[in-house]
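These are the structures, in structure tokens.
Two complexes are shown next, each including chain A; its partner changes from chain B in the first to chain C in the second.
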Partner chain A sequence: MTLNKQDIGRLLAKQGILIAFIVFMIGFALANQRFIAIDNIAGVIRSSAILGVMALGVTFVVIGGNLDLSVGSMMSFSTIVVLDLHDKIGPALAIPAMFALTLCLGAFIGFLVGYLKLNSLIVTLGMLSAIHGLTLTWSGGKNMDIADKAGTWFSVFGQDRIMGIPVPILIFALLAAVLTLLLSKTPFGRKVYAVGGNGQAATFSGIPRARVVFYTYLISAFCVAVAGLLQASRSLGSQNTVGQGLELEVLAAVILGGASLLGGSGTVFKTVIGVLILGFIQNGLLLVGLDFYVQYIVTWAIIILAVWLDVAAKRGRLWSPIA
Partner chain B sequence: MTDQTPVLRLEGIVKTFPGVRALDGVSFDVRPGEVHALMGENGAGKSTLMKVLGGIHAPNEGQIFVGDEAVTMTSPKHAKAKGVVFIHQELSLADELTVAENIFLGELPLKGFGRVDWGKLYDDTNAILKTLNVGFDAKTRVGDLSIANQQMVEIGRALTVSPRAVIFDEPTASLTDSEKVVLFQVIAGLQEKGVGIIYISHRMEEIFKITDRISVLRDGQYRGTLLTAETNEDDVTKLMIGRSLDLSRSEATHELGDVALEVRGLACGSLFEDVSFKLHKGEVLGFYGLVGAGRTEIAETIFGLRTPSAGTILLNGEEVRITSPIDAVQRGISLVPEDRKDQGLVLGMNCRDNMTLPQVDDLTAGPFVSDGAEIAIFDQYRDKLDIRTPGWRQTVGNLSGGNQQKIVIGKWLSMRPNVLIVDEPTRGIDVGSKSEIHNLIRDLASQGYAVIVISSEMPEVLRVSDRIVAMFNGRIMRDFTAEEVTEDNLIQAISGISEKVA
Partner chain C sequence: MTSANRKDMLKRGAIWGFILLELAFFSIIGDQLSVSDQPFLAYDNMLLVLKQSAPIGIIALGMTIVMINGNIDLSVGATFALAAIVMLDSMTWPFMQAMGDWAIPLAWLFALATGVIMGAINGIIVWKTGVDAFIVTLGAMLGFRGIVFMFNGEQPTSHLNWTLVDFAEAQFLGLHTATWFLLGAALVLWLLMTKTVHGRNAYAIGNNREAAVNAGIRVGPHFIWNFMLIGFLAALSAVVFYSESGSVNPNDGMLYELWAITAVVLGGTKLAGGYGSIISTLGGVIAIQLLRKGLGHIGADTQTVNLVIGLILIAVLVLDRQLNRKGQGELKI
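Here is the complex of A and B:
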């Protein structure tokens, strides 16, 4: 069977991201041998881990039919809080305290979106700003640093290796595995798909829609807390704006992985793929000698491309005269 | 009317998609002033044929003639310019705009500098509305109109040109009986002007009431055209599905059991009040009434989707308070909702997951959902309900309407409910599946299930129910047994003509 124009359109719409990714990778590999060196690949995965952990949580929110644009500023909050408390109450107490505070933020968003049924875009956009203000209030606007950087065990999460593998990668992998099971194997996971796929039908099936949405935001906040821990542990000091802009990269990774912004589809594994695609493309751009700033433009272009292909896959062709 | 050139003629239309021959040599014609029914099961090719007529799909072979002229339609707009217009099943109106703006959408009359000529717009619109004999004017906001009146606006759209052929696609799907009468008058008016009508519907009563000829499609093939006056439902059905249906009421005699559900003086705001009835095990209780009579709202209240303002609900003799669907599911009440696509199914999910959704919490092995338990339930109800699907992994959205409905029924039946409420069990599904679902409901009753069937279709209620509750305006007007009910006294009861009988 020969490929006609329509078939090519359908193939592009369905597998476009993967095809684009392969083309990018081949191009980068040809342009710079270092791109496919083992240590470079490990480095990319390692530096993607923080973004990846956040994307795992947002995957639940997006499949549940909502958005979470607050994760970037929430991650700044977690990082600043755990660093500040580290010197005040010690790392053993600082970590659970930071998790508790971050989960409170997630619960608040979950309450507004789930139980009060407010639009998630507005709520989380507002929380992006509000949490940023909260972080600055907490820190007084100053950078936060651990006083005794050499003498704390707190650095294990961000800097150590276990059996030669960097701890952030291990944590990312472990969390991805646990959340895969939660999403694909448990009744709760099934309900997330149902609520995002058709909320009304979920209600008519006796599923507590508000509670399910609430939990997706708790999971997202938990992942943000883990990301904040990794970030703080890696740098042992931080600006107030460390997570700024990450919300869009996270969303890009989730959509790249193939989760629909309309809810009801996507998987944890696909999100991991999306995270890696984003990481490798950004790394490749640097290695071919482009300015760091170019990655902002490319990331944006990738988001647009991904959304376009998502819509195109639904209607079976790249362009349609009817909306 | 005899021996005139047909307004629309199709000759040997073939349309193929990769792997499918959706239309395979379809030929028929529509004469001026004729109402020509187009019938066929879901998937028989009716919609594809309409898309070919409307220029959305180009036929691979064959020719369309409008009058004497051979035409290849390129877009719905082109078709309209040629005098072939469509009244779609799903209304495509802008709620926030006025009737006039909707009717002339995309072709508003203009005066200098691209300004809209409002005076002409309203005059032209009112002229059209006058021929439709409706009770609203050009400046009414469409969102404020009833569904029936919105349909009139849709028809008004067709009349901005002088149409030669008008195609109605399931026009009565959401109309009440009295609204249908108005629609049929409009169709008769078009007929008098010599317009040819293609009328697509599953409803035999309507077909036999208003059409002159019936053309039938099956599996994309043209099966023949019958003169309505010289045929009957059975012949048409045979042509459509290749076999005849047993439409008689299966009179399986079985004993009624205890009272499964009793409702006393139930009320919900202004929606309905003073609703009392008893439902026994092994009994099918039909709820019949016009749209808006409060039938669906009663079901939703029993299912915990609405909070009653008065009254009590007793399950197996015990008073219960049901405040959410979660409560209802736990107490063994199942509701097959009115709208299967919006309320019944998650269309993007597979067949099995949809079916087990309400009980997924109970189908676990440790913390995880047990694949085996789920598949066992799916297989059992696929066989029991004869659901035709390639397998449980099939996305529900890809199934036919009848099979989708069976998935929803299976979903609630597999809960082994104390009370099964089925709201509009056969809306929008073809005659073959319809009769299977009717037989299924009768079977359930003989197995001892307590079933409530809510329907707007009188033949359906008459066929499946042991008792029928007639509702009018939020009140129960009368409670009939199967023996005492007739079409006449049922119509009287739901129109509020007969006195309320306690």
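Here is the complex of A and C:
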């Protein structure tokens, strides 16, 4: 088999993001030995875990053909709620209560987007604001802190290690594995792709479009609750705005992973790669000695290049045909 | 009058009806609950509403045009901060300080040019790569913010020029400087969208891009002009706002894009493109600011404002759907 120009183009487009990731890793490793030290790698994954967990859920929503801009303020909500309830009803009850409340929010969004078929961008934009208001109402606008920080087992999720591996990494990996199975090996997963790829065709073939969309938002809310738990457990205290702005970073990670905003494409594994790229680039650029803001500019370039490659491969030419 | 016409009138009038409702509510019920002696409808209070609408409002006007095109711009908050920092930082450069007050117009020019250049970058990328504007500007939101941090790191940038502050705080014919900029921008853009070829092309492209291409409209350059326009307006908004405050934080302007989009959607502009009006967006902006002011007037906290605005946005969407059942799949980005 000979590789011609087209094959290379196709390979680049299909696995481009993975190739870019490997190239980056090698480059940074050559520039600074510390980059590939085990504790550095573990540190990067650990600090990406919260963003990563949220991105896993948003992947489902995006594959289903919708957007979720509310995850950032929803994460603030679950963090504040679990910290507040921790002192009131104890951690063992606070965690399930927080999950229940966060899932209620997810169900509400899922109802609006799935069953009422409202535009997801505007619904979740409205919910971004509404949930932020809800969080501030809950906390009275004050920072939330656990009273007895030393004497609680609640810190186990964010700070402990099991067999030397930080717990946030384990939770991130476990959730990614479960959601990969759900998306690629179950009928539900196939329905998510079908609904996002061609909603009308999915409806005609008897797939309950509304219910599938509804469930994608439940999954997203569940992931947000996990992220809130990790955040709360790591810091044992929080501001009301802890998740502000994360919604767009999460979306950037998902897009970087190759999920199309039109729906129907993307995988959990690729999203994990997207998250790790963001994390390692940030870390690598700092280790090479560049200022922290360079990562923003590099991320900008990478997002556009990644998506550009993707659309260029689909239309078979590099430059857009727009007149 | 046909029923389609009447429905259109109803939709265009809806936002102004909502504003009247807000005014009535806060002036009748609000004054009962109010903690202050001043009535809500006091002249000064209304002037303040207009003035405070200006920063988001000027951006929202540009967002309307970009959204009528069927695009979106998520980078305006970062452009806003960048223009502000260019203006304030440039006034501290030695040769600028040597110029005295003549540095002011030059600093404004630098800031506005920055906005236009940032917009042009977005526009060129959207045109040449064919990547969706949502993604291009999402990336730019991060990238432009990175450039903002290049100036002073995480430190705020301050430069107070009293001539500038006096200008920004001045009132001409009763209205504040910021209000004049908002109204002036609205008038110019309204003329642009209703009386010129460019405006008609914007609607045509948003309605049906392929048909517009077939009709001979050059879509790519058209996009660039509109992104330059919104970049310019984001910079204008920053220039007006920071002339008064004189200090910019590198995180300023965050989430402004989302507030601007909220105002535009409240004004009835469709995300899918092809429909919307500058005047209705002005209504949307004023409606949001009235709500903030009114809820503050009756002693509600900021949290309630966020909650209410979010729920109203969703309610508008539900209502719009009820009025307009045919558009099943049209509201898709």
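As a convention for this text, the second predicted complex is superposed on the first by the 268 of 323 C-alpha atoms of A that agree within 3 Å, B and C clash if a C-alpha of one lies under 4 Å from a C-alpha of the other, contacts with A are read in each partner's own complex, and residues count from 1 in each chain.
Everything that follows uses one rule, which is that contacts are C-beta pairs under 8 Å (C-beta built on N, C-alpha and C of every residue); 3 or more make two chains touch, one makes a residue touch a chain.
Being a predicted model, the structure only gives us computed values, none of them experimental.
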item: Which partner reaches more residues of chain A (counting touched residues only), chain B or chain C; value: C
item: Partner chain(s) touched by A:Val44 [first = chain B, second = chain C, both, neither]; value: neither
item: Partner chain in contact with A:Ala301 - chain B first, chain C second, else both or neither; value: second
item: First, second, both or neither for A:Met127, with chain B first and chain C second; value: second
item: Partner chain in contact with A:Phe292 - chain B first, chain C second, else both or neither; value: second
item: First, second, both or neither for A:Leu69, with chain B first and chain C second; value: second
item: Chain B/chain C common contact set on chain A; value: 200
item: In the complex, chain B residues that touch chain A; value: 305, 324-326, 328-330, 335, 337, 342-349, 353, 357-358, 360-361, 363-364, 367-369, 411
item: Complex contact set, residues of chain C against chain A; value: 74, 125, 127-132, 134-136, 138-150, 153, 213, 217-220, 223, 254-255, 258, 261-262, 265, 271, 301-314, 317-318, 321, 328-329, 331-333
item: Residues on chain A engaged by chain B in the complex (per definition of touch); value: 181, 185-187, 190-191, 193-194, 197-198, 200-208, 264-265
item: Of all residues in chain A, those that touch chain C in their complex; value: 65, 67, 69, 112, 116-119, 121-123, 125-137, 141, 199-200, 244-245, 248-249, 251-252, 255, 261, 291-297, 299-301, 303-304, 307-308, 311-312, 315, 319-323
